[in-house]
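Paired with subunit B in one complex and with subunit C in the other, subunit A is shared by the two complexes that follow.
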Partner chain A sequence: MNPQPRPLYWIGLSIFGLVIATYVLFPIFWLFLASFKTTGELASLPLTFWPVAPTIEAYTALFDTTSQSSQILNWPRLISNSFLVSVSSTLIVLVFGTLAGYAFSRIQFPGRDLILGGLLISRMFQGAALLLPTYRLMNNLGLQDSLLGLTLLYSAFGLPFATWIIASSLREIPFELEESAMMDGASRLQCMVKIVLPLATPALITAAMWHFVGAWSEFAFASILMESSDSKTVTIGLASFVELFTIEFNRVGAAASLVAMPIMLVFFFGQRYFTRGLLAGAVKG
Partner chain B sequence: MNRRSDTWLAYFMILPVVAAVLAFVIGPTWDVGTLSLTSVVMGQERGFGTLSNFRALFADPVFPTVVKNTAIWILGGTILCVMTGLAVGMFLAIDSKMTMGLRAIILLPWVLPDVVTAMAWKWMLHGQVGVIGDYISRMGLTDGAISFLGNPDLVMWMLVIVLIWRKMPLVALILCAAIRSVPSEQLEAARMDGANGWHRFRFVVVPNIAFSLTAVTVISMIWITAEFTLPWVMTGGGPANSSQIMSTYIYQQSFQFFNWGVGSAMSVVNLVFLMTVVGLYLYINRRSWAAGGNS
Partner chain C sequence: MGSVTLRNIRKSYGPVEVLHGIDLDVADGEFVVLVGPSGCGKSTLLRSLAGLETISAGDISIDDKVINGLEPKNRDIAMVFQNYALYPHMKVRENMAFSLKLNKVPKDEIESKVAKAAEILSLTAMLDRYPKQLSGGQRQRVAMGRAIVRDPKVFLFDEPLSNLDAKLRVQMRSEIKELHQRLGTTIVYVTHDQIEAMTMADKIVVMKDGHVEQIGAPLDLYDTPANLFVAGFIGSPSMNFMSCTAQGGKAVLSNGQVLGAAPAGLGEGQAFTAGVRPEHFVIGSGALDAPVTLVEPTGAEIQFTVDIAGDHVLITTRDRVTARLGDTLNLSVEPGKLHAFDPETGARLGGV
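Showing the complex of A and B:
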């Protein structure tokens, strides 16, 4: 931006950059490092940044099935529940999102733009106001406290955005390819599977990543629906640590690190796809 | 190609998505609306067509606190989020290796699960062993530990700070993208004419990013209104309701006090507010929606 960069200018910028980096990263490091400290170290002042005697006892305690707290919070179970719900709802969202995304981008039908707009707007209402009626609905359907129910709910919540990401990326794929294939007698289904899907793979990855991250992190709806300890998810497990505060904060740090881990992996390995969906669609709510 | 059969095929293909939204968003919205007009006693519905739930809501002594806190949460959160986001976004828009690196990591707070963020900050703000209080008292600014989340006058603003940590990065990135797309000829021409940094910002950058700025402000407002997990896990609305906002109040009334009448009335208030903001958003975005919703 500046034609003649002065040293003072760059020093100022570097300091500002360092402040932002610290601001963003410090809370994450601080929590992660806490998981390797002992409870004694965490409770004694002055506080230390690096663990004095790094230990993984907090992690082993989480997975210790004989301890008393594991009767209430069975972490292997929580993790497998969360994976089951997140992965299966991602698959559901991909299948039906692709179907709908194809229709919205390739077929001209009455009410098309209105319906797509309505779907997107519906996302903005998926907040606290729907907690109570969702609880009632799930009870009426007999799906409270059920992983299947949670999977269906997350799929319904995630479908509009996935549909939109897929539809908007399909619009950029030239229609001529399909047209010539259809001239040669290919059916719509064949076109979709053989021509469109391979070209749309990046959009499918983006949609899948976004949905997985959202489903894995969801807390509010899971906490009202999943009552028995066998059906709880990782976010409920972590939130229930509130009572353990100051006593065993290393366990809270370890649990939080475990919960954050899959999200961090998705973020770092799929950053290209992630930002793509973000700049394309986040402003759509 | 047969046009007619194509139309039916399209409806068939979008059916699952539309049905899912009808069942899990539109249906529940309707349900909470009718529930708010029904008198409910211990989960038993007794008679439709009453405003008693709303009367009970407005008569609740906690209600004014909730309104005040929600105003701090939504207005304070949105304004501070957009202002810091604009500052950081302008910084990130500068071409350098450092800003490129920052652009890659800045979204971390945004992707981290809410519960993790809440836990991290709750602990950092802890009255005895929190790192922030420890640091401030070591610098000699205070005598002893401050209970940031235990102080009724501070707690709402602490929540807003955490909210900004979580939501600002995305605002910054969106505004950064908008600033980077400001035509460089315009900036160059302004410089030639002797415009200083502030004037270039005010008269070249701001008009160019005005649309993104308004859109991002309204959308932040929608996110912040919907945010529940962060305040709930950090304070649960406490101490003594001093950080109770709309979303936490709905949860508390509905699932801790089982007061479905007041819970549903507050949900309706929340929905009406959301609809107003969404309406504003649609109005601002009317051109891009009219163009087929693909911009």
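Showing the complex of A and C:
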């Protein structure tokens, strides 16, 4: 019998969590509030916390294509670039991750478990060490400064982990279900579409969310590869924006809030699957 | 129509052969049970028939048409799996309709077929539930419903009752048998439970280590087992075995006592293994004296364990024999109920 957890313990833990959350989130929240203030209010002393006269001026300025700043940073363009790259690489990763994950979970071949584990290890080698070689590689392929190139790059980076998540969850779907479907008259493809994929939805959503968020917020590779202003993504935009408009915190706040929005939406709607899917992968595989 | 013929079926996993040439004829509408100890290849044989395993050699035919190379879906065979393999994301109705939908059966026809199957199986009230909302027995019935809506040539069952508790198992046993009588479809049924085999089968196939040991009607196997293995496997409690020698037409035990009349056809002085079922001893009228080492009344009958020439021998009787531990029972074997087997090969010797 488990002793009932003591309420004091939980209260203490919650307070501790709240303090940490406040500490982490406060600057972000302040920036979010700042996006609704005027430049004047931001410059005046004493500092205000809540906007005195809330305005969406900073947001409209971002989308004002006639303004001088939009010559340098075209936000609609940045956003659509980021969407294009994130969504299409997510689709690529899902399609290939599902096919590869299915093979890993259903076909017995030598070295299977080793390779599957290796997929996870490959995640450790990402980052700065790969910047230069990647840059050279993309240049040689003529894929620098190209949205297609960035999409392919993100797909390549995202595929191993997505495959691993999907394979781990497919392994838990008994093969007998597919055999039963085959006896019922299903082809291998119909088995996959009608039996396997519906049962793997949490894992697919998890993999998709994981990848989308990663691609959307990726900065380092985008910043070295994407040179022309037409091909930049939101994270590059945000970085240069901070350099260009340091004083105008309302605009920086507006841009940052916009960029964070899709990620928050993804987590808000996918949260349920996210935790479940990760747990499913965590126990076995 | 759905007659099945297996000719010299062999199956290897890599270098290991697990089926060593199986021959079997199943008549249309027959209920055949494959029975044998764990690992003897029952599932492998059944799955080969279903097309889920490829065989290494031999021919499988249905209605005299060889189907070796056919995909499972083209064999017109339905299978009920041990763990039911219901599609968890589909309601009972959808589970049962799945194959019909795949085969593009018109909607109203699907509906009427599912409704009919549900009625046969008393599942009508469950049609809109998901498998996880059903009990084990109900899941079992859905799995059968999924098979019968298809009206296939052959039903395959792989240990369909092994996940149920004892009481439900007995109930489902008779339900499956009734279903068979009602539908008249050929059934090949796998179990390692010989009682299930005895009660359900028209014909039993006893397997061991990838070989067929004997094929026959339940009572034929019981009355004339072809070898030691079948003799010991079929029947519960199982047959007693004792070493004997044939002397003057008698089966003489190693201590010189006479067990009974030896079957005809044994050579004088030939050593053999005598087999006697527990219920074939007659108590109180014989030349054989055996001390009682254990008494177990079960209600309907009493089981005595006695010592015969150093072997523990089980005897059951429906009479209220009052012998107690340490008493001596006076025994004989019912005429014609003493089986003889070759101690080396295990093969049956002589006539009965």
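Here, the second predicted complex is superposed on the first by the 247 of 285 C-alpha atoms of A that agree within 3 Å, B and C clash if a C-alpha of one lies under 4 Å from a C-alpha of the other, contacts with A are read in each partner's own complex, and residues count from 1 in each chain.
One rule holds for everything that comes next: contacts are C-beta pairs under 8 Å (C-beta built on N, C-alpha and C of every residue); 3 or more make two chains touch, one makes a residue touch a chain.
Quick caveat: nothing in here was measured; it's all calculated off a predicted structure.
Contacts of A:Ile56 after superposition on the shared chain: neither subunit B nor subunit C is touched.
Once the two complexes are laid over each other on the shared chain, residue contacts for A:Gln190 go to subunit C alone; subunit B is not touched.
Once the two complexes are overlaid on the shared chain, A:Leu137 sits against subunit B while remaining clear of subunit C. Residue by residue along subunit A, subunit B and subunit C are tallied for touches, and B comes out ahead.
When the shared chain is aligned, subunit B comes close enough to touch A:Met124, but subunit C does not.
In the superposition on chain A, contact is made by A:Met182 with both subunit B and subunit C. Of the two partner chains placed by superposition, only subunit C is touched by A:Leu199; subunit B is not.
Using the contact criterion defined above for the overlaid structures, shared-chain residue A:Pro174 touches subunit C, although it does not reach subunit B. In the superposed model, A:Phe157 lies in contact with subunit B only, and not with subunit C. Subunit A residues 182 lie at the interface with subunit B in one structure and with subunit C in the other.
Those residues of subunit A that touch subunit B in the shared complex are 1, 3, 13-14, 16-17, 20-21, 23-25, 27-28, 30-31, 34, 42-43, 45-47, 96-97, 99-100, 102-104, 107-110, 112-113, 115-122, 124-137, 152-153, 155-157, 159-160, 163, 168, 171, 182, 188, 213, 216-217, 219-220, 224, 235, 238-239, 241-242, 245-246, 249, 252, 256, 259-260, 263-264, 266-267, 271, 274-275, 278-279, 282-283, 285. Subunit A contributes residues 174, 176-177, 179-187, 190, 194-195, 198-199 to its touches with subunit C in the complex. Put simply, subunit B touches subunit A in their complex at residues 1, 6-7, 9-11, 13-14, 16-18, 20-21, 23-29, 31-32, 35, 88, 91, 93-96, 98-99, 102, 104-109, 111-124, 126, 128-129, 131, 134, 138, 165, 169-170, 173-174, 177, 187, 191, 212, 215-216, 219, 222, 225-229, 232-233, 236, 246-248, 250-251, 254-255, 260, 263-264, 267-268, 270-271, 274, 278, 281-282, 289, 292-294. By the touch criterion stated above, subunit C contacts subunit A in their complex at residues 50, 52, 71-73, 77-79, 81, 83, 85, 87-89, 98-99, 102-103, 146, 150.
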